[in-house]
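Below are the structure tokens for one structure; questions will follow.
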Amino acid sequence: MNEFSWPVRVYYEDTDLGGVVYYANYLKFMERARTEWLRALGFEQDELITKNDVIFAVRNVEVEYIKPARFNDQLTVTVRPVELGRASLSLQQEITKDKGLEMLCKGKIKIASLKASTFRPCPIPASIQEKLTK
Amino acid sequence: MNEFSWPVRVYYEDTDLGGVVYYANYLKFMERARTEWLRALGFEQDELITKNDVIFAVRNVEVEYIKPARFNDQLTVTVRPVELGRASLSLQQEITKDKGLEMLCKGKIKIASLKASTFRPCPIPASIQEKLTK
Amino acid sequence: MNEFSWPVRVYYEDTDLGGVVYYANYLKFMERARTEWLRALGFEQDELITKNDVIFAVRNVEVEYIKPARFNDQLTVTVRPVELGRASLSLQQEITKDKGLEMLCKGKIKIASLKASTFRPCPIPASIQEKLTK
Amino acid sequence: MNEFSWPVRVYYEDTDLGGVVYYANYLKFMERARTEWLRALGFEQDELITKNDVIFAVRNVEVEYIKPARFNDQLTVTVRPVELGRASLSLQQEITKDKGLEMLCKGKIKIASLKASTFRPCPIPASIQEKLTK
């Protein structure tokens, strides 16, 4: 299970009056990277909902804020799967500056697989399981 | 068609690095006030979707930014219907500080009534039409 | 160190295509409650910045998402200090529905006290320390 | 004064319970494109603040919402200057899908040039004026 990385630029909308990225917005950056990671593996989440009746929901997050990101910063957000269950998946994510040289933020995100129609837990689709265990 | 007003406090999340409210967020404040205005008239938008298959969508906004709102400001957001069509509604909205003494922002918002299932235009429900023309 | 609670209504802006509150937005609700908790204790964060050169920054969050909040839900967000250090403070926060009957989300948030001018750690102001240890 | 365009992908964070992009978020997309347009012209807004004491503030927006953008849509946001004053600038912006084939949203945005230290109007820096009139 390899590491994936995705670039994110910091815009005005992301900052707060402290001049740095607002703490909830790092979760947006991490979610963008997860979406692009799934896309790179061949999975579009809108098709997962409409064709497979599967939606991913975040169950748990742990985020450590090390240094603040600032306006105009060019960030790198990584995704690394660390635990794959039948109906859940845990990912390690990092947000860095200067192509990984400066660590800003680390997160561990646990995702649950749910039936989109009922929001009840369901197995992660076999096609995704396969890709993640190769 | 009387004026309705709703209080909004400015939090960290609303500000940007300029130390003032980010320009898109005034539209959030206006939309909160519209939701509470409809609620005060007796209409819950989740029930409009599930029971009446009606959803309101913004078609047009004109916003004039006069003075910036800042962190911790206690704002007042008003809603005043100015034009009622068969399938659309135009509202004048103002955002002020100090209970109306200081004008920060003015908006004119045009709303369309859509079938929630198809996103096609549909008449504004008669019950709402009635309330607005009393 | 008593518990504080603050009401939050869910608006359109808070939801995502899943029909529930977007996971990052619970952190906004928690931050609003922390701001109001400090205000209730007699501290305004804009004055802390300008008069005391102190700004609070989040160092760590752990959030458990139990059930989703939906559009129009009237939520209650609590703040309970659980650990008070010289330059940091940990808070337990909960988001519930129906006045506490239904638990939606639990968080543990660690806050650091920083000099606003340098972003370096500094002691929590004595006036706040006092209030929190009474 | 040529047209500039910038790609924007729609993520979960941008959508609301209607399954489409929340109306305020189109303003974020437009602002990202303006930032990248200035960058392409050679101007970094953080340097404009710190070196030139100049910050740009939005004075007026008119937005027409034609069709909704949806999750996963790959959008194109354009920037076209239409009026250049001494201390203000008006831009026409469009948001399209399928590389311009499908028009979703049109905006006219008026920007004011302010002294960052006082928020008072000031001339647009000569270096920017020059670039825009070439």
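Quick notes on this structure:
In this document, chain identifiers A, B, C and D correspond to the written order of the chains, with residue numbering beginning at 1 in each.
Definition applied: a residue touches a chain if its C-beta (ideal position, glycine included) is under 8 Å from a C-beta of that chain, and two chains touch if they have at least 3 such contacts.
Small disclaimer: the values here were computed from a predicted structure and weren't measured.
In this assembly, the chain whose C-alpha centre lies farthest from subunit D is C. Comparing chain pairs B-D and C-D, the larger number of C-beta contacts belongs to B-D.
Put simply, the C-alpha centre of subunit B and that of subunit D have 23 angstrom between them. Rounded to whole angstrom units, the spacing between the C-alpha centres of subunit B and subunit C is 27. The mean-CA centres of subunit C and subunit D are about 33 angstrom from one another, to the nearest whole unit.
Counting partner chains per residue, subunit D has residues 12-13, 18, 24, 28, 31, 70-71 touching two or more of them. Partner subunit D is touched in their complex by these residues of subunit A: 9, 11-13, 28, 31-32, 35, 44-46, 70-72. Those residues of subunit D that touch subunit C in the shared complex are 12-13, 15-20, 22, 24, 70-71.
Against subunit B, the residues of subunit D that register as touching in their complex are 18, 23-25, 27-28, 31, 55, 57-65, 68, 116, 119.
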